[in-house]
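As written, the chain order gives the labels A, B, C and D, with residue 1 at the start of each chain.
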Amino acid sequence: MSNSFGRVLTVTTFGESHGPAIGCVIDGFPPGFEITAEEIRDELMRRATGQSRWTSQRKEAEDVQILSGMFEGKTTGTPIALLIYNTDARSKDYTKIAAQFRPGHADYTYHHKYGIRDYRGGGRSSARETTMRVAAGALARKYLKLHYGVEIVGWLGQLGELVCDESFDAAVINDNPFFCPDEKRVPDLEEYMKALWKSGDSVGALVRARATGVPVGIGAPVYAKLDGDLAAAMMSINATKGVEIGAGFASVAHKGTEHRDEITPEGFLSNHAGGILGGIASGQPVELSVAFKPTSSLRLPGRTVDTEGKPVEIITTGRHDPCVGIRAVPIVEAMLALTLLDHILLHRAQCGDVPAQTPRVTG
Amino acid sequence: MSNSFGRVLTVTTFGESHGPAIGCVIDGFPPGFEITAEEIRDELMRRATGQSRWTSQRKEAEDVQILSGMFEGKTTGTPIALLIYNTDARSKDYTKIAAQFRPGHADYTYHHKYGIRDYRGGGRSSARETTMRVAAGALARKYLKLHYGVEIVGWLGQLGELVCDESFDAAVINDNPFFCPDEKRVPDLEEYMKALWKSGDSVGALVRARATGVPVGIGAPVYAKLDGDLAAAMMSINATKGVEIGAGFASVAHKGTEHRDEITPEGFLSNHAGGILGGIASGQPVELSVAFKPTSSLRLPGRTVDTEGKPVEIITTGRHDPCVGIRAVPIVEAMLALTLLDHILLHRAQCGDVPAQTPRVTG
Amino acid sequence: MSNSFGRVLTVTTFGESHGPAIGCVIDGFPPGFEITAEEIRDELMRRATGQSRWTSQRKEAEDVQILSGMFEGKTTGTPIALLIYNTDARSKDYTKIAAQFRPGHADYTYHHKYGIRDYRGGGRSSARETTMRVAAGALARKYLKLHYGVEIVGWLGQLGELVCDESFDAAVINDNPFFCPDEKRVPDLEEYMKALWKSGDSVGALVRARATGVPVGIGAPVYAKLDGDLAAAMMSINATKGVEIGAGFASVAHKGTEHRDEITPEGFLSNHAGGILGGIASGQPVELSVAFKPTSSLRLPGRTVDTEGKPVEIITTGRHDPCVGIRAVPIVEAMLALTLLDHILLHRAQCGDVPAQTPRVTG
Amino acid sequence: MSNSFGRVLTVTTFGESHGPAIGCVIDGFPPGFEITAEEIRDELMRRATGQSRWTSQRKEAEDVQILSGMFEGKTTGTPIALLIYNTDARSKDYTKIAAQFRPGHADYTYHHKYGIRDYRGGGRSSARETTMRVAAGALARKYLKLHYGVEIVGWLGQLGELVCDESFDAAVINDNPFFCPDEKRVPDLEEYMKALWKSGDSVGALVRARATGVPVGIGAPVYAKLDGDLAAAMMSINATKGVEIGAGFASVAHKGTEHRDEITPEGFLSNHAGGILGGIASGQPVELSVAFKPTSSLRLPGRTVDTEGKPVEIITTGRHDPCVGIRAVPIVEAMLALTLLDHILLHRAQCGDVPAQTPRVTG
């Protein structure tokens, strides 16, 4: 099931960027849980394009419909289908590149895989698909918070070469259009993006996320490791090129005595593990980083071939984010929430319920 | 199914480090394929401990038995079970730490998850489990090479702070006990490991791998992306803390014009994508990097708690690799091979067979 | 994934009888296949209520929308979402039984499982869900016919105590509202249903189906047997109480010499196996029978309890089929088509493509 | 994963009848549960061949090894591998029919599917595979009884044309080699089998099973129905040709007023549903029937073709049960136990734990 993820809580998404609609089906969600379309919409608006001048100017109403699985405001345990019609698609922007492959874009591989593709706006490979991850994530996030006290926060760690100071107050993050935790960096980011926009180029970004209150014991050996599932979840987001858990690639140069997180009766003394040992949550905060590549759809000309293999120069004129990584913050949070809840439910199956985190284990 | 991986070609592993045996069941492998126990054993010996003074001195005969799924030297299409009895386990090494949690080790989380654990040698969380990945990978690797011309090579990119020159001749890699592609680095590595061994500490490592000849078109949107499945496969290996595809975290500072791999009729002009676009193989070499943390079982004392939460000082005296990353090279190769073959078979289901790679698309 | 079926070709359905809409997501369907909403609608009309006076009088426009996975009239290989809004739902019919359990109905068990249920029209347990099976089946059926020459036909074998003569001409089946293959039985069935309707009672039915041209070799040991998957598929249809393959329960009294289907160079001499041996298709017609129980929603009063456990007399006044088995014929055909195509694709993954059936193996 | 079944509690089996060994891997079993190899062996002996003169005379020591997943007598939550070496295989019995297809046997379809087969003793399609279902079932059965009070009993309902009186005392069933609940029928069965044995022919059988104490609420819509999963589980047993839940095919002639199980505050007044409504357990006993065809390996000559398509007369001289249905009783029980426990665990994931059955709901 290539378009589904999750083990006992599953999300199946469908829809193309410029097709009639996008949607998802959430299966296995606990019954009796209250959530409204407005709450889902709020989460969607954080991700939505058109919110700032730094992201694509496509207006997406994000008018999400709940088609099933709820009754009188509560989940019923049956599959929850969410749907958003595509309203502001400008397909003709893509007509002239219909027979060309954008360098660095999935249209090359979709074409070679299927022998056919919906070239309008990237079709199924568009970041538009991630809307549904955020919608489904809204349910998981609220459930995690209410039932297990789990809190999730994501932020921009780096944009191009601009590194953010991460000794932050979480309140700052949602106060600027970059999800930047570093107030003093915001003017630099604005300047940078302004210049980038002007140049016609795009840039990569680093997104980080942390979940606190994760119950000790969730996760599983060996191919259902919590970090394995998180890695797959993050790598499934468009434009991701790398995933780290805890210390990540810095671990390469670590000594064992430096890396291992010593334990005292009061808790762990460090968190290089990123809250996961042997694929199972330790009760410390789960911490991860995700690398996003720069957008491949550029108005700066590039060399490529057309569908007949002939060399052409390509220029993409559709509306595109100069840095997809910015908008990736709520998507990373959503994938983190969905993966954590899936593993809590999986744990309940084999081992019974997990307690809310004990105060003894603190990070 | 927490102990299985793969979509249509699945591998299920079982067994603890110091239990009676370890084994695996390979399901969905194509019929009529010739392979011998000796060929599997050859692959296992590359990973085996006791091969050099730099890895654990546990002698593992790796006397693999093929219990099913083969007849007169050929696979029959039914499940292939492989088994290795554990012969050189010294369980009493672990008696004194049976009630203690090694900092940075999975025994803490297994204990909290299950309320019970086989503390001898790490039990199920031991790197011993990866033996079976290499065994199963031997079949995938041979099949990929014979039927699709796919070649896989892995190497040590960095050990602690020692970086290897990667402009290499593949022949060098198997000529030294470090899987190092850089002949001139080998004496440094020997010196480094000697000092490390003496100190009682451990160190992390960076492993890289490349697959050439990967058929364009394998992989799938959106949650069965080839890179998503590779990330999960790599993160499921013990001690992994990070995974990169292609340019990986370097993409964060890339501009779009720099990162995108331009295309000419003769092929791509670069490979920042690492051979995967939109989750689907482009026909270029698939390239990835994996970060391994240092071993957590050290004979240098560390602070921890026992199973009753009381503070204790722990020293681990079992036989352990001072750098698990060295032996991870054949494991990374095996997981890469299994994931690629799984995706070839999945592609055959939906789209029919893939052609062997065309010469037009070169990296 | 409780609301999905299939192994490599999967269908996920969602929606309640009186919710906003019902729909499905078809994943893994081969690309480049032409089908129109009209063709799907034609198949739906065969199943639709309101087509005869013998089935529920709910008018269902069955105005199916294709939301994704198609481009310029062809499947693209990405998930195909189908949606039908519920238009003629009369929810207030159910208000008075909202707190009562219909004997023989799933509202009792849904309530006990989830602690909440959408009582309007049976919610998720309504036969309305099967609409989506027929819609998805339309794609599978057309593909099977065009690519593999597989033809599927279902019919009413028995209604209550009225047994149909099954030595039939397939053309008759679609010429009467009962899917009865026995022209002479049709007046009896009309008479029977008229009396039944008057009485307020309901009745069971036997549905049979046959697929010809099934490629020899599809199916798999041991838990993916073609007959095992067919049994699950049929038992998942509302009101099913039994499934037989080939000779079915008659096999109990068979001798081995009588039951075994002898083989000659010209083909098999009988088909007690129903076209499946060891879970794998023999190339003979696949034949099965399905038993449907009578509808449990009756206007004749029955003893039951309410949600507080107090005894009440229940009368159901919504619109209900007096014999759900009649309309089950296209549903059985659809589930047969989907299961066969799933197994053809699964076979392609492991063994490569199957040839269209050879003339040598005839039933 | 063709050789695995279960959703969150999974069993993967491997091994051929005359290969080195058969085994299974049980994944997802709750930790901390005590069971011994002897307890598993006891269950195996009920199924074992060589126990009576009416079943195959192959001696199977059933010396089961527990290779993993247990520590100090308790399950650890990691995969439990069970293994039995094949000791009394007489492969040369099969040499002369190596190139012939037994009518009614899976060797025809395995050959056509895979182009290769292990012809010795039926290979993977042998009933020998079911040994592992009984072994895995032993764990599920004990767990169900201790934790949920679920009791499972199976029996022979009919052998050929001999119908057993089913108003029984469960104690009788294990007191005769036929699992017959009807003491007075035993001499007839002995006489019948003696004559059958002499004749060289085989015969079919009907097996029934009942589970009491099944928690109300387990099961799930729509494609994970408890009865759907039971149908698949039963149909996956060798030689099964039909499955019924509750009233089964008798439902066809039922009126709704007769079939619906009315409810009073003291419980249901009948159990035509067989304990399942809408795919979810009602708390009444789960009841099912399974039809087994006669063995196809006969010493009476039959017409068939060889692997080159030439007509031959076949005689099978290996050791075969004249009625596989007799030994199927413990297999049906095991599959019922595994399916019920799987659904209890699945229910725990989504809805939390199920209470042991309340006394209010009685059958």
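In the analysis below, a contact is a pair of C-beta atoms (placed from the backbone, for glycine too) under 8 Å apart; a residue touches a chain by one contact, two chains touch by 3 or more.
Computed from a prediction, not measured in an experiment: that's the story for all the values here.
*Asks:* On the document's contact criterion, could you list the chains that touch subunit C and likewise touch subunit D?
*Replies:* A, B
*Asks:* Can you tell me which chain lies farthest from subunit B, using the average of the Cα atoms as each chain's centre?
*Replies:* The chain farthest from subunit B, judged by C-alpha centres, is C.
*Asks:* Decide which interface, A-B or B-C, involves more C-beta pairs in contact, and give its chain pair.
*Replies:* Of B-C and A-B, it is A-B that has more C-beta pairs in contact.
*Asks:* If you average the CA atoms of subunit B and of subunit D, how far apart do the two points sit, in angstrom?
*Replies:* About 39 Å separates the centre of subunit B from that of subunit D.
*Asks:* Mind checking the centre-to-centre distance between subunit B and subunit C? Centres are C-alpha means, answer in whole Å.
*Replies:* 45
*Asks:* For subunit A versus subunit B, what separation do you get between their C-alpha means, in angstrom?
*Replies:* The answer is 26 Å.
*Asks:* For subunit D, give me the residues that contact two or more of the other chains.
*Replies:* 1-4, 13, 28, 31, 77-78, 110, 113-115, 124, 221, 346, 351
*Asks:* For the complex, give me every residue of subunit A touching subunit C.
*Replies:* Residues in contact with subunit C: 1-4, 10, 12-16, 19-23, 25, 27-28, 31-32, 65-69, 71, 74, 76-81, 83, 113-118, 123-124.
*Asks:* Which of the residues in subunit D end up touching subunit C in this complex?
*Replies:* 1-5, 13, 101-110, 112-115, 124-125, 129, 158, 160-161, 201-206, 216-225, 227-236, 238, 240-249, 251-265, 269, 272-274, 276-283, 291-296, 298, 300, 302-305, 309-311, 322, 325, 346-347, 351, 360
*Asks:* For subunit A, which residues are in contact with subunit D within the complex?
*Replies:* Listed in rising order, the residues are 8, 28-31, 77-78, 221, 345-346, 348-353.
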